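Below is one structure. I have some questions about it.
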Amino acid sequence: MITVTHYLLLSAILFAIGTFGVLTRKNAIVVFMCIEVMLNAVNLTFVALSRHVGNMDGQIFVFFVMTVAAAEAAVGLALIIAFYRNKESLDVDDFNMLKW
Amino acid sequence: MENLVQEAIQNVNLQAVMPSLILTVAGMALLLVAVFSPRGKTIHVAWLSIASLVVAGIVTIMGWNDTQFGFAGSVQLDNFAAFFSMICILAAGLTILMSDEYLKRENFPVGEYYPLILFTTAGAMWMVSGTDLITIFLGLEVLSVSLYVLAGFFRDQERCNESGLKYFFLGAFSTGFLLYGMALLYGVSGTTKIYDIGAYVQANPDVTMNIMFIAGGLLMLTGFFFKIAAVPFHMWTPDVYQGAPTPITAFMSAGPKAAAFAALIRVTFVCLEGMQDHLTTVFWVLAVLTMTVGNLIALSQKDLKRMLAYSSIAHAGYAMVGLVAWNEIGMSGVMFYMLVYTFMNMGAFAILILIGRRGEENLTLEGVSGLGYKQPLLGIAFCIFLFALMGLPPTAGFTGKFYIFAGAINAGFIWLAVLGVLNSAVSLYYYLRIMVHMYFKDPQEDFSWVKIYPATALSIVIAVAGVLYLGVVPGALMQFAKMAGF
Amino acid sequence: MADNLLSIMTFLPLVGMVALLFIPRDNEAMLKGFALAVSLLTFLISLPLAFDNVFKTSGGMHYREFYEWIHVGEFFQMNYNVGVDGISLWLVMLTTFIMPIAILSTWNAVKKNIKGFMAMLLLLQTGMLGAFISLDLFLFYIFWELMLIPMYFLIGIWGGSNRIYAAVKFFIYTAVGSLLMLVGIIFVYYYAVQSGSPVSGFGVAEFYQLDIPYNAQFWLFLAFGFSFAIKVPIFPLHTWLPDAHTEAPTAGSVILAAVLLKMGTYGYVRFAMPLFPEALHTFIPFLAFLSVVGIIYGSLVAMMQEDVKKLVAYSSVAHLGFVMLGLFALNMQGMAGGMIQMINHGISTGALFLIVGFLYERRHTRQISEFGGLAVKMPVFATIFLIITFSSIGLPGTNGFVGEFLALMGAFESNLRWFAVFATTGVILAAVYMLWVYQRIMFGKVTNPANEDIKDLSAREIVIMLPLLLFVFWIGIYPNTFFDKMNPALEQLIDQMNNQVAVVEVVQPTVANVLENK
Amino acid sequence: MYGNLWLIPFFPLLGAIINGLFGKKIKNEAVIGGIGTLMMVLSFLVAVQNFFRLLGDTEKVHEIVLASWITVGNLQVNWELLLDPLSAVMILVVTGVGTLIHLYSIGYMHGETGYYRFFSYLNLFAFAMLMLVLGGNALVMFIGWEGVGLCSYLLIGYYYEKKSASDAAKKAFVVNRVGDFGFLCGLFILFWALAGNGVWTINFVEIAANAHLLESGGALITIVTLAFFLGATGKSAQIPLFTWLPDAMEGPTPVSALIHAATMVTAGVYMIGRMNILFAMAPSTMMTIAIIGAATAFLAASIGFAQNDIKRVLAYSTVSQLGYMFLAMGVGAFSAGIFHLMTHAFFKACLFLGSGSVIHAMHHAYHHAHLHDDPQDMRNMGGLRSKMPITYWTFLLSTIAIAGVPLFSGFFSKDEILWWSFGSTAGHPIFWIIAVCVAGMTAFYMFRLVFMTFFGAQRTDARAKDHIPESPWTITVPLMILAFLAVVGGYVGVPKILGGSNHFGNFLAPVFGHAQELHDLHAHGSHAVEYTLIALSVSIALFGIYMAWLMYMKNPALPAQFTARFAGLYRFVFNKWYIDELYDFLFVNPCKRFGTFLWRIFDVKIVDGIVNGSAWVFKGLGAGLRYTQTGYMYNYAVAMVVGVVVIVGFYVFG
Amino acid sequence: METLFFYLVAGVAIVSAIFVIKCRNPINSALNLVTTFLCLAVFYVMLESPFMAAIQIIVYAGAIIVLIIFVIMLLNFGKTIKGRYMHGAAGAGLLSVLMLLVASQFVRFGEATGTGGEITSAVIDEIGHTELIGRALFLDFVLPFEIAGVLLLIAILGALILAKQKV
């Protein structure tokens, strides 16, 4: 029988994977994708818990998280494009003009 | 079906969101205005947005002392919210005042800039007045997303892109933790309305033993820690502040930070009260870390914007001392401090705007050598802000720090207070260094490019007035901060 | 007028400073004249205090003014609460008296940005006066910190070659102490509130009545005492002083020596000692020891200096050692001696700094080796210098003697006898270094050609010195003018320190919990 | 009745002020000197008047309170004067001799730059000295005490362009300060001790009245008196603090005469006399005083042998005579001490003035001949008897007086001291022996001085010798008066045994009698013993004179052989027993080195090092932490994750 | 059966998530991401939240991924994938594992106690998931809904400002 714990564990794993990606990947877009993975992990948690808890709030939350994800995607990718225009690069290593 | 509609309509209470509503509507309207106004002609948009801010402010003040609930408990416009809303409005107003000429100088006069600031402010308001995790989250996102845009606003300047990107990625990353925490809290309490969560914790206290609850609370707080730039979630701050357009930096350091503090305080004191023992420790450690790291690194900074960025980290640390106190004095102290900080920090940044060249390559210590002689008034104003940031009487910085440390000491956190004052002693050094260059060194250059932009000057005057007023007769506003606590 | 004389006196310089800002900066004569006028007016306003006989009869506070200032419900309250008693009276007078002299002394010394200079001096005066008259700890702290700002600029902008280092060091060093004191102040307040004692804001009068448990007193005295000790300065916290003094412009040094250092000693008398009497008794041997070390140490170091100004600076360390020793004697002779010695130090050392200033203006050096044989060239200067020298040595008949004598006598009476014996050797050392420097500067033949055509004192400079000389002899020959008004206040203070016997605190306020596990 | 007492110090003060402020304008030497002298004359007259008033008065102790001075708590110090036989004698001596020396100075200082300065200082000194002797309480006395120190500083440093002069001045003041340290300590402890018994006073009369509260012979009183005695040694140039006096000869000769022979240096003796009650209570202190006195007398006399500078010889003789007085005090012969103080004032002043006159003449001669020999070196003199007869005769008389030849003043005073030191309850034959030896030595070196200066071949440079004049009347008149006093001055105190009735002693009895009988200090012994002692001392004095005659008149080669034989001893004595070098080695240099160490190493490196070090540490930390801010986004993310893991993990696993 | 299915899908989700990181080429990452999303959609269905599954596919797979791929194409990724494409894998891996440990700790030993809501499977079957969402959305969460609108507006505005070629 699959309990909520299974789902929570699964999302925890996905969350960890996403984090790993954010920490390791150089390509800005991939980093962004990894963040999406994290958000999705959270979404899974929400839905699972909302079913477990027995009310809709969690799923509503997911609904909004998706909206936010979309919005962030738009803005984030726009930023990436702007950066790319100036620097011809998508490498996160390349944005360290500002440091120390 | 009908009754559902009735119910839906009953839930709506525009009073509760009036200020943010005004700003949003104004923002949308101004978008149109901006679109149809010729390129480079943005001044009227600026003034209109200020007007809308003023209106929103008035509405907020009128709503003082009459708490508005609405939207099925997802928002609550009480004194607390009103106070922070006012801080955000103030910050936004000052930002807009100091923006127009700046945008022209940086050769990027885009009208959409102002609506974005208005939306940011509205987001901040939802954040401070939200009583539902969802509202708070969405407010936060509105705030953040528009700030991502504003931080990277000069799309053809690399440092702007960079600061925008860093802010965006790290922001989104922290959002993940924030959400995870909220999810856990939701799972533990079965609701997203923070007062219900609080009630739930009240009802069954053993939940505070539940590590899922604890983990959820902490994870959520890390999201806010990121926004208020508490160590170790602070690292985005210097880069983003340095790269972003200066008015936006000023705004970020005041408005959103205040909003984040507000949300932090609300969730902490409403739904995480059960975790007081844990949280006090966490705040204690983070406060000390934040102050210390911020001040120490600031010691070795040459770039003024970056130095102020680090100093703002340190100030967040001071403010957190008020949270550690975990009593009314501390809480109101934080509010008052945020107000004070808005004045003094934005004033300082306004000065930087005036003395900066195009591209702001010259905002270094050497860059201001002898400024005090070439631009006496600017010099005096800058000194006032710096003394305020040091926390020296008779400026607001002192009264603010006093309020906070009073809270800590009242609660018995003597040693925290001692560490705090020692930190401000350390901080003296780098603030003094700015003055050393302004007055004790001979002018390198004649600062011929410095033009006293009227609007920016006005913002500086307002800031000076605020700093001195809050420094000499702070009683009234301290009283307000006291009433705003809950 | 009379009922808020203190406020008028205190804030007049501030008003003057604001007005000064509207005088065109190139009109130097007017700037100087105006500043001088303001300071003189302040002095005149303060004169009635000196002639008011009420101080002879009662040791309490007079010229009280009380306005509610910051009231934040039960959080905290501060009041504008000022007044003077026989103790602060003379320090106030000293301040108002020194200021015109200081301004006059910079007539030609300061070249750049006179406007700012005068403004800073006036601001400084407000700070000093305010600190002396404050009866509310919070108010006191405000003025206390307010003094830092102008002094910082005075040293930093108009100072010597190494001014930046000196200014920053002065600022941070003194600020560290006062910040710790701030914690102490807040602590005392909440202690009073939470232990249910009556308070009126941060008013000291009420705080005097507190029965603070010993362990709390210990830390509080540490906080207050540390801050004041830095200002005094007590060895080994003195190192900011030589730098600050050497780099500061003449007026700055004069004020620094004459008044600012007294802030520390005054702080002890008014706050640290009566507020925490039990802890005081723990610390007295320690502090007395440091004072004595300061006396001998300061003298020995001063003896070997090659820079006149540094020498005077170190000599102040020694002089203030006498003050502290006298105060810690906790008896009439000692405390009166300490108090009068504060005034003396203000006058003598102030005068010495003026003298160094005169030399510096003429030769633009302070190296002792640069001088020699000046007595031939400048007889008037030689005479004045000699008188001041001997007043600084403490020759009977001059002010210095009365102070040192009483301070030491008090110390001998108290149980600091052995410290006093060593302190008395300072009498010898003072003679050694002062006479030696006097000999090296004034006596002998003129060897350095640069001194050949050195000018004697101008009329202005003599006018500056005369009032000081007057007081050198006045205090030396008839100090009772000052003691009459000082004694009642001191008696009251001593009684009040003795009456505060240890009372075991029943309800331990939460603020003190942290001290429990100490 | 004695209301005009305050005039005595007032007149000189007035003179000092007038000359000090306006002397420069006046310029005219006659006027300046006139004012100075006139003031002294006036105060002398007042002194005389008061003296006779006191003679005729039954009540011998009078306090006059002029004003309050310091009133703090239980301490009440007044400006008060005390007139009793002791101070009466002193004011007579001071004003009298002072007047003469002022008169003398008019001529002697002729043509000096800063003439007005000199008279102003001299008047000021007189004022201070009179405050010292008239002071009714320890503090007023201390004013005078330090005041005379100040004036001696100023007057020794009168030729301040000479390094040696200013050095000597500084040395004098500092050494005196060491003494003052003792004085103050004594005063403080005394005050505290009396206060402990509920008596809060530093007034002499009250101290005397309440001295019995203190345990006689106890540690406390001993410490107090020893401390006071330290003060006395400083002022009166006794071991260990006598080194400043010979250097003080850098001052003009009248100064040496007035300050360093007649008055100031006797202040210590006077002070002990003033507090005789206390001292009498501390036998061990008395013993110490006697020993120190005797030792000093011997030491100084021995040094006097080898000096060639006319003034230095006199200086050491002064030290030695002061030693006598202390010996007297130490054995309880207070009045004898004061008696010797007075007679010594006469003949020593006369001697100094005489030497001054000689120097003046020599100087004049050399100046006339454009030579730069040392006018004070006796080896350049000789045979001046014919050149300056008055000076010669007066000088000779005083020399005889100091040598203790019978019927001269010195004889009586010295003899009384000798007798007491032998027979006093506090005395001891050893004291007598030393004292007698010293008497002989004194006679020897004084006559050596006379012979070398006035007799024998003229060793002055040929070009100068014809220009040696007799001094003007302003110089010779004081000489004559003083010489006269030096001869007859002793007759006020002829001891009973010599058919006199010791008026002087009786006059001082009200002051000393009490203490003396209380602690029974009196000389006892049969007349026979006394006569023999007198005979012995006289013969030894004469023997000394004979030796001097032998060595410096009969065959002047002897001294050379002598010094050749005992070269080491001679050098040792000639260099004043290397005392100065010893002090430099023991105190001065270590102090300087220590001071330098404290400043250069301790203060700058350590104390300030810690301060700057802490600042440096913070800066260093900042500079280090700064590099955590790498600019790489993912590092920031790492930091955040670490933060989360730590914070959450801490509670989740904890 | 259901358990098996769960593990199967979970496995797929995890593997594809790992491949998102593993793949050198962003396009492949994107495609793997789609897979992950789809798996999640499946889970939503298993959790009786069909509406969620739907918008999961529509919004994520449909909108966001497409957007991403567009951008990748737009910025002709060719030159962006040369050289190392990962860094600090070891440290980051360790950190992630630690985090996973922490997470699993509170997931396993903490319990989601907020149960007892009225929305049971029965209720969902009776009323229907979408309507429930709708009710919740428009009765309780109107304000967030409106805010979401503003948010999207801002997003458009931002994208416009930032990505516009020339001013």
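Order of writing sets the labels: A, B, C, D and E. Residues in every chain begin at 1.
Just so it is clear, contacts are C-beta pairs under 8 Å (C-beta built on N, C-alpha and C of every residue); 3 or more make two chains touch, one makes a residue touch a chain.
Just so it is clear, the model here is predicted, and its values are computed rather than measured.
Undergrad: Under the document's definition of touching, what chains do subunit B and subunit D have as common neighbours?
TA: Output, common partners of subunit B and subunit D: A, C, E.
Undergrad: When every step has to jump to a touching chain, what is the lowest number of steps that links subunit D to subunit E?
TA: The fewest steps needed to get from subunit D to subunit E is 1.
Undergrad: Compared with subunit E, which chain's mean CA position is the farthest off?
TA: The most distant chain relative to subunit E turns out to be D.
Undergrad: On a CA-centroid basis, which chain has its centre farthest from subunit B's?
TA: Farthest chain from subunit B, going by C-alpha centroids: D.
Undergrad: Measuring from CA centroids, which chain ends up nearest the centre of the complete protein set?
TA: Central by C-alpha mean position: chain C.
Undergrad: With chain centres taken as the means of their Cα atoms, state the distance from subunit A to subunit C in Å.
TA: That pair's centroid distance is 64 Å.
Undergrad: Where the CA atoms of subunit C average out and where those of subunit D average out, how many Å apart are those spots?
TA: Centre separation, subunit C to subunit D: 39 Å.
Undergrad: Measure off the straight-line distance from the CA centroid of subunit B to the CA centroid of subunit E, and report it in whole Å.
TA: 30
Undergrad: Would you kindly tell me how far, in whole Å, the mean C-alpha position of subunit E lies from that of subunit A?
TA: Each chain reduced to its C-alpha mean, subunit A and subunit E end up 7 Å apart.
Undergrad: For subunit B, what residues touch not just one other chain but two or more?
TA: Correct list: 134, 138, 141, 145, 148-149, 152, 155, 164-166, 169, 173, 184, 186-187, 190-191, 211, 214-215, 238-239, 429.
Undergrad: Using the touch definition from the top, which residues of subunit D touch two or more other chains?
TA: Only 615, 626, 629, 631, 633-634, 637-638, 641-642, 644, 648, 652 qualify.
Undergrad: Counting only residues that touch at least two other chains, what does the list for subunit C look like?
TA: Within subunit C, residues 172 contact more than one other chain.
Undergrad: Pairs of chains that touch, anyone?
TA: A-B, A-D, A-E, B-C, B-D, B-E, C-D, D-E
Undergrad: So in the complex, which bits of subunit B are touching subunit C?
TA: 328-329, 332, 373, 387, 392-394, 398-399, 402, 405-406, 409-415, 417-418, 421-422, 424-425, 428-429, 432-433, 435-436, 439-440, 473-475, 478-479, 482
Undergrad: Please output the residues of subunit C touching subunit D within their complex, sorted ascending.
TA: Touching subunit D from subunit C are residues 169, 172-173, 236, 238-240, 297, 300-301, 303-305, 331-333, 336-337, 373, 375-376, 379, 390, 395-397, 401-402, 405-406, 408-409, 412-413, 417, 420-421, 424-425, 427-428, 431-432, 435-436, 439, 442-445, 477-480, 483-484, 487, 491.
Undergrad: Subunit A touches which residues of subunit B in the complex?
TA: 133-134, 137-138, 141, 145, 148-149, 152, 155-159, 161-166, 168-169, 172-173, 175-176, 179-180, 182-184, 186-187, 190-192, 238-239, 242-243, 306
Undergrad: In the complex of these two chains, what residues of subunit A are touching subunit D?
TA: 19, 22-24, 31, 92-93, 95-100
Undergrad: Considering only the defined contacts, which subunit D positions touch subunit E in the complex?
TA: Listed in rising order, the residues are 634, 638, 641-642, 644-645, 648-649, 652-653.
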